[in-house]
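Next up is a structure, given as C-alpha cells.
As written, the chains take the letters A, B, C and D, and residue 1 is the first residue of each chain.
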Amino acid sequence: MTSARNESRRPHLQQLGEWWNSLPRTRQWLVLIPVVLLIYALPVLNPPILSTEPGTNFPIACFNAARFALIALGLNVVVGQAGLLDLGYVGFFAVGAYVAALFTSPDSALAKLPYLVTLPLAMVITMFFGVVLGTPTLRLRGDYLAIVTLGFGEIVRLLATIVPPLKGQVGFQEVGHPPGRLPDGSLIFASSNGTPWYWLVVTLTIAMLMLVGNLERSRVGRAWVAIREDEDAAQIMGVPTFKFKLWAFAIGAAIGGLSGALFAGEVGFVNNQKFDVPTSVLFLAAVVLGGSGNKVGVLLGAFVVSYVPDRFTELANYKYLIFGLALIILMIFRPQGLLGARQRLLAKGREAYQRLIGRPEQVSSESALAAESAKGVGA
Amino acid sequence: MHPLTTFLADAWINFDVGSLRDQFWSNTFDGLTYGAIYALVAMGYTLVYGVLNLINFAHSEVFIVGAYAVFFVLSGLGFGPSAPALSIGALVADLLLAMVAAMLVSAAVAVILERVAYRPLRRKGVPRLVFLITAIGASFTIQYLIFIWRGPSAEPAVIMFRPEAVFTVFGADIDDQQLTIVAAALVLMLVADVFVNRTRLGRGVRAVAQDPDTATLMGVNKERVIMLTFLMGGLLAGAASLFYVMKVPSGVQYSGGFILGIKAFAAAVLGGIGNIRGALLGGLLLGVVSNYGQTLLGASQWSDVVAFVVLVVVLMFRPTGILGESLGKARV
Amino acid sequence: MSGARLVRVLTLAAVASLSVAGCAAKTNSGDSGGGAGSNVDIPVVSQLPVPPNAASPAGSGNATCSGVTIAYAGAETGPNAQLGINILNGVQLAINEHNQANKNCQVALKKFDTEGDPGKAPGVVTQLVSESDIIGVIGLPFSGESKATGGTFQQANLVHITPSATNPALTKNGWSTFFRALGNDAVQGPAAAKFIVDKLKANKVCVVQDDSDYGIGLATAANQALGDKAKDCQDKVTTGQKDFSATVSKIMNAKPDAVFYSGYYAEGAPLDQQLVNKGFTGKFVAPDGVKDDKFLQLAGDASGNAYFTCPCVPGELLQKFSDAYKGVSGGQAPGTYSLEGYDATTILLKGIDSGIKDRAGLTNYVKNYDGDGFSKHFKWDATGELATSTVYGYKVDHGKIVYVGTIS
Amino acid sequence: MSQETGLQEVPDEAGEEHVQVEGGIVAELERMTPEERAEHEAEVAEVVAPDREIAVGFGETLLELREVTVRFGGLVALDAVSFGIRRGEILGLIGPNGAGKTTCFNAMTGVYRPTSGQVLLEDRPLGRRKRHQITRLGIARTFQNIRLFGEMTALENVVVGTDARHRTSVLGALLRGPRHRREEAEAVERAMALLEFVGIADRAADKARNLPYGYQRRLEIARALATEPKLLCLDEPAAGFNPAEKEQLMGLIRKIRDDGYTVLLIEHDMRLVMGVTDRIVVLEFGKKIAEGLPAEIRDNPAVIAAYLGVPDDGAA
C-alpha cells in the first residue's frame, strides 16, 4: 500500500489543509485575526450580494446563522467526535430556551433572575438532562441510541404542550435580555436589533470553539475519537468509554442549551412550536454537510443550512426537501462533508512531529464516515 | 407559597384513574385496532432490521405514501367526507381495489428507496452511522416531496363506512371497523409468517439475516433477498395504510407517518426486533398500553409519550424484546 | 420472478382477509341518516344590512400622495398559510380599488412572509420596520407571532391592525400602535354562550378546547358565561391531533345537548365527524377559527349539526365584494377575515388620502378613527380594542355555511 | 524542503518501505555512528521501560490460572486449565485450531469471565472487572485482526495507550490544568520513544489507516506497551509476515522482554514459538496437555500426537 498519495489526486481542500498545517503558530494567528474581525463586522457591512435584506433583516439572519453554528459545534461533539448519532438534540435546545423563559418572563410563576444568569443556568440544567438521558441509553448500540434520542426530543416537545406551567402554545412573552441601553434610551439587546445579539453569540461561539479545542487536544478528545473509531478496542486500550460518552452527551447538551437560551432572549417569546423533529434533522444536516468531526467545518455547514433559506426566500418551502436530499447525496458521494474530519488530538502535537520527523502530520481528507472495510455494515 | 412549589404543583399530572376504569374495555378494543396497524408497519422495520441490521427510518413514509394511494383511489371511486350508499359487495370491492393500489405503491416506493439510497452504501460497506443519516434523509425527502405536491393541510376525509357496534363485551361495544382491521391484520401477519418460515424465498431471507456472507456462498442471491425484504415490508405497510385511513379518515397528511413510524418501531422492538410474531405481539401490546396512557393522563399526546417510554424501558432492560430476536442473531 | 409471485400471494391474502372480515361485520347498507334533526329551527338570513355610509377604499378619487407604502406581514407559506392568504387577498383588493380610483396616489403594497411562526417573525418584522416608506401595516394573523413582534412595532411607532389575532393579552402590553379589527375572545366567548343557551336552548354543554392561546382564551371566556351548564364536562385536545376517541367517549358519556369546540377547523372537523359517527345527535357549536369551507370538506355530512359564531361579517353575502374578491383570489370565495382585511386597509388608505405621510400621523389617524366599515363600526379605545363589536351567528345548511343573524 | 514535504520512499532490504525523512531525530539517527546509536537506543529503552511497582519479583508467578473452566451453553471451551506466567519470561501458548487458545487468552485478559476457577494477577483474583479496568491493572493485549484507530496518526494511537494511566479530569483538560499539561508532555515523549523502540518512528505522523501492514502490526504492539502493562499479551502478532519480518519480530519481542516486560505469545508458527519463548503451554480440546521448556515440548509425544495425529516421526 503506498504511503503518500500521488500529487494530482489530492483535492485542493487537502492542500489548503496542509498549507495551513505547516504555518507556524504566530503566522496562523496573523491569518486568523482579520478573518475573525471580518466575521464580527459582517452585519454592519451588510454586503449587497450576501445581504438577505428584502426577505429577512440581515443582522438577525446573521444572528440565526451564528446561533446555528453554536448548536452545530455542540452536536459535533456528540456526532462528529464521539460518533453517537443524537436525533433529539432539539430537546436540549428547547430545555435551554424554556429555562431562559421560565426564569425571566413575567408570564412564568418561577422566581425572576437576570437574563445573563440564565445562560450558565441553562447550560447546567441541560447538562443534567444530558446525563439523565445518556445514563440509560449510552449502553445501547448506535441505531437504538438514535431512535431513543429521537424519542427524547419528541417527549420534551410533547411535555411542553401538556404540562400546564410550560404553557404550551400560549408561551412566554417578554423573555429577558442582557442589560444596557443606547444613549437614546432604547434597548441595546432589543429583539429587532440583531447586531449586538450576533456579537454576543459569535463571542460565545469562539469561546466554546476554544474550550472544545482544549478538550480535543487532550485525553478526552482522544477518548472520543477512539470510541468513534472502534469502541471495543478503545475499552481494551483502557479508555472508560461509558464515562466519556456520557461527558460527550453532557457537553453537547450544555452547548445546545446555551444556544436555546440565546434564541429565547433574541426572539423574546418562547412557545412549543419550533422544537420539532425537522429542526433536529436540520441540525444534523449542518454537522454532516460541514464535515462531521471537524469543528470549523460544522460552523461552515451551519452557516449554509441557516443562511441559504433566509437568503433565497423562495426556497423557504423547499428547505427540508433540499436538506433531506443533501443528506442522501452527501452520504453516497462525499460522506466526509465539505471539509472532512480533521482533528489534532495532541496538546504538543505540532512540536512533537516537528522534533520527531521534521514535518507536520498528515491531514486526511477522509472522515470517520468514509468507507472502512473493517467494521462496515453491508450485508 | 414559594414560586417553585406552585410551579411543581400545577406541573403535577393527576392520574385520572376513574375514567380509565370506566372506559377500560373500550380503550382496550380501540388500542387493539391501533395495535394491528402498528403491527403491520412494525413488520417492515423488523424484516429490514433482521436482514440488514438497519433502522429504515423512511419506512414511515413508505406507509404514508400508501395512505395517499388509498385517498386518491377512493376519492376517484366517489368516496368523500360523507358515508357512501353502497351495497356490501360494491363497498368491499372498492376497498380491495384501494388496498391493492396502496400495497403496490408502497412496495414500489420501498424498493426504489432501497435501490437508490441504500444499495450504493451497502456496496461500499460504510459504517452504520452513514446508513442512519441516509435513512433520515430519505424519510424527509419523501415527506417534503408530498408537502410540496399536496400542500401542508390534511386531505379531505374519505369515509369508508360508518362503524356500527356488532356486539358488546364487558359493557364496551366492538364495532365492525375494529373487527375488520384486527382480523385482516392477523390474516396478513399469518401469511407473512408462513412465507418467511415455510417457503424457499423465506428461507433465503432467514439465511441472509443469520449470516449474509455464508448465505451468498450457499447460492442465495443476497441482493434479490434484500429487495424482497423491502418489497414485503412495503406491501404490508400499504395494507396498513388502508386500515389507518379507515380508522382516521382525515389522517392523510404529509407528516402523518413519522410519529406512527416511531411507534411501530417501538412495537417491533417490544416484540423482539427481527421477530415476525414479535411484531404482531409488540404492536397489539403497544396499541393498548398507549391508549391506556392517553386516558389515564388525560391528553392525546400521552399516547406518544407512553410509546417512547416503553421503547426506552424495553431497550434498557430487555433489548432483545419479549420474544427475543429470531430472524438474525443480535449482531453487534 | 419470485418478487412478482410474492406480490400475488400477499395481495390474495389481503383480498381474502378483507372479504372475510368485511362480510362478517357489515350488514346494513346506505346512509343511516346523519345530521341532527334539531328541534330548534333558526331561520336563514339571506341579505345583510350593509351600513349605508360604509367607507370604500376608492375614497374621493382625487387624493394625491407619493412614495407611500402599506405592508402585509403574515403567513403566505407554511402549515397555516390559508388564514393569511384570505387576509392578503382582502388587502390586495382594497389597494387595487384605491389605486384605480386615485390615479395620482398610487399606494404600493409590500408583502412579508412570516410562515405564521413566532420564531421567524422577529427577523421579518425588523426588516419591515427598517423600510421607511412603510407607514402602515395590516398585522400578523396569529396571536403567537403578534406577541413576538408587538414590541418592534411599538419601538418604530408603526401602526399595525390585525384582522384576526384575538388573544386578549395582546392589548395588555401598553402598545399604542396595536389595533384589533375584530372582537377579542372576551367578546366572542360570552356571545357564543348566549347563542348556545338562548338560541339553541341547550342546558348541558361540553366545552372542548385546543392548546392554542386562541382556543384557550375563548374557552375560558365561554366557560365563565356558561357557568355550571358546562362545569362538569370539559376536555382538551391539541393541534395536529387526528383521533379524538378519548374526547368522543367522554362526551357520549356526558350526553350534552351541545358541544362548544374552541379551536381551528383542522381539529374541529375530524372531532365533529367522529362525534356524529359515534351517534352524537346534539349540536356542534364552534367559533370563527372553525368557520371555513375546509370544515365542510373535512367533516362531510357530519357537519349538518354545526353552528358558528364569528365577529366577522359574511363577506360572501356582499355580492359586490364577493365578485371583486374572486378576481383577486383566483376564483376562491372570500374566506374568514377577508372582509376585515379589506376594511382595515381601507382605514389606512383613507388616512393616506387625507394627506398623512408619516407613521406617527397615521397611528394618530387610526387612533381617532370613527366610521363604518363593511364588516363593522370601527372605533378603538385606548388599548386598541374595538369599542363595540357585534358577533354574528351562522349554521350549516345543505352543505353551505349560512348567516342566521347577529347575536349581541 | 522539497515540495513533496521531504518524503521519498526508499525500499530497504526487509521490504518495509522505510521512509527517508529529512528532519527530526529519525534523520539524525541515520547519520549517527553505531555507538551513538546504541547509546540513543539505550535511552529510548530506558524511557520505554515500565516504571510501575509490581508486587511479584522476577521469576515469581505474575499471572496464574487455577482450574479455569469456560462453558458456552453445552460447549466446554476450557476444562480446568491451570498454569502460571512468571514475571520477566516469554510464555508461549500453542495448540491446534479450536484448542481453546483464544478463549483462554480472553479469559486471562478479562474479556470472558470463567464459569469456574480463578484468574489471579499478583495473587489477587481478577473477578468481575470491566475491560478498561483490567487494562489499568496491567494486562495489555493486541488483536489477531488489527484494530487500530484509523483516523488517528500513529503517534496519537500510542498516546491513547498512555492515556490508560492518566488521571486528567475532563475539567482539567477543559482548562488545561497543570496535571493535563504535565501528562500530555510525558505522554508525547513516551509515545515517541515507543515508536522508535518498535522501529516505526519515521511514519509517526501518518494516519494509522495509511500505514503498511508491517507498521500497523508494530503500532499495535507500541500502543499496548504504552499502557505500561505488567503482562503484554500478543495474539498471533506474526500473522501474514514473511520469514524476514518474523525474524525481526522475534528480535522485537526479545527486546521487549529484556526491557522488563512479561510477554504471553499465542502463535501457530512453531519456529517462531520455539525460537523466542522461555516456556510453552500446550492446549488441546480445552485441556492443558503439556507445559515446559521448548525442547521438552518439541519431543513430547502428546504434543506431537495432538498436532500431527501420527506419533511415528518427529515434528519439523
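Methods note: a contact is a pair of C-beta atoms (placed from the backbone, for glycine too) under 8 Å apart; a residue touches a chain by one contact, two chains touch by 3 or more.
Treat the numbers as computed from the prediction; the structure is a model and nothing was measured.
Between the contact lists of chain B and chain D, the overlap consists of A.
The central chain here, found by comparing per-chain C-alpha centres with the mean of all protein C-alpha atoms, is A. Here the spacing of chain B and chain C, counted between their Cα centres, is 35 Å.
Distance between chain centres (mean CA atoms), chain A to chain C: 40 Å.
Our note on geometry: chain C versus chain D, Cα centroid distance of 76 Å, whole angstroms.
The multi-chain contact residues of chain B, meaning those touching 2 or more other chains, are 299, 301. Residue numbers of chain D whose C-beta contacts span two or more other chains: none are found. Along chain C, residues 78, 238 each make contact with two or more other chains. Pairs of chains meeting the touch criterion are A-B, A-C, A-D, B-C.
Across the complex, chain B meets chain C through its residues 19, 22-23, 26, 30, 80-88, 91-92, 95-96, 99-100, 103-104, 107, 152-154, 156-157, 159, 161-164, 166, 176-177, 179-181, 183-188, 190-192, 195, 201, 224, 227-228, 231-232, 235-236, 239, 247-251, 253, 256, 294-295, 298-301. For chain A in complex with chain D, the touching residues are 1-4, 7, 18, 22, 211, 214-215, 217-223, 225-226, 228-230, 232-241, 247, 293, 341, 343, 345-349, 352-362, 364, 366-368, 372, 374. Chain B meets chain A in the complex at residues 3-4, 6-7, 10-11, 13, 51-55, 116-117, 120-134, 136-141, 143-145, 147-148, 208, 212, 222, 226, 258-259, 262, 265-266, 269, 297, 299, 301-302, 304-305, 308-309, 311-312, 315-316, 319, 332. Residue ranges of chain A in contact with chain B, taken from their complex: 79, 83, 85, 87, 102, 108-111, 136-137, 139-144, 146-148, 150-152, 154-155, 158-159, 161-166, 277-278, 281, 284-285, 288, 317-318, 320-321, 323-328, 331-332, 335, 368-373, 375-379. Those residues of chain C that touch chain B in the shared complex are 2-3, 6-7, 9-11, 13-32, 34, 78-82, 236-238, 241-246, 249-250, 253, 266, 269-270, 273, 277, 294, 296-302.
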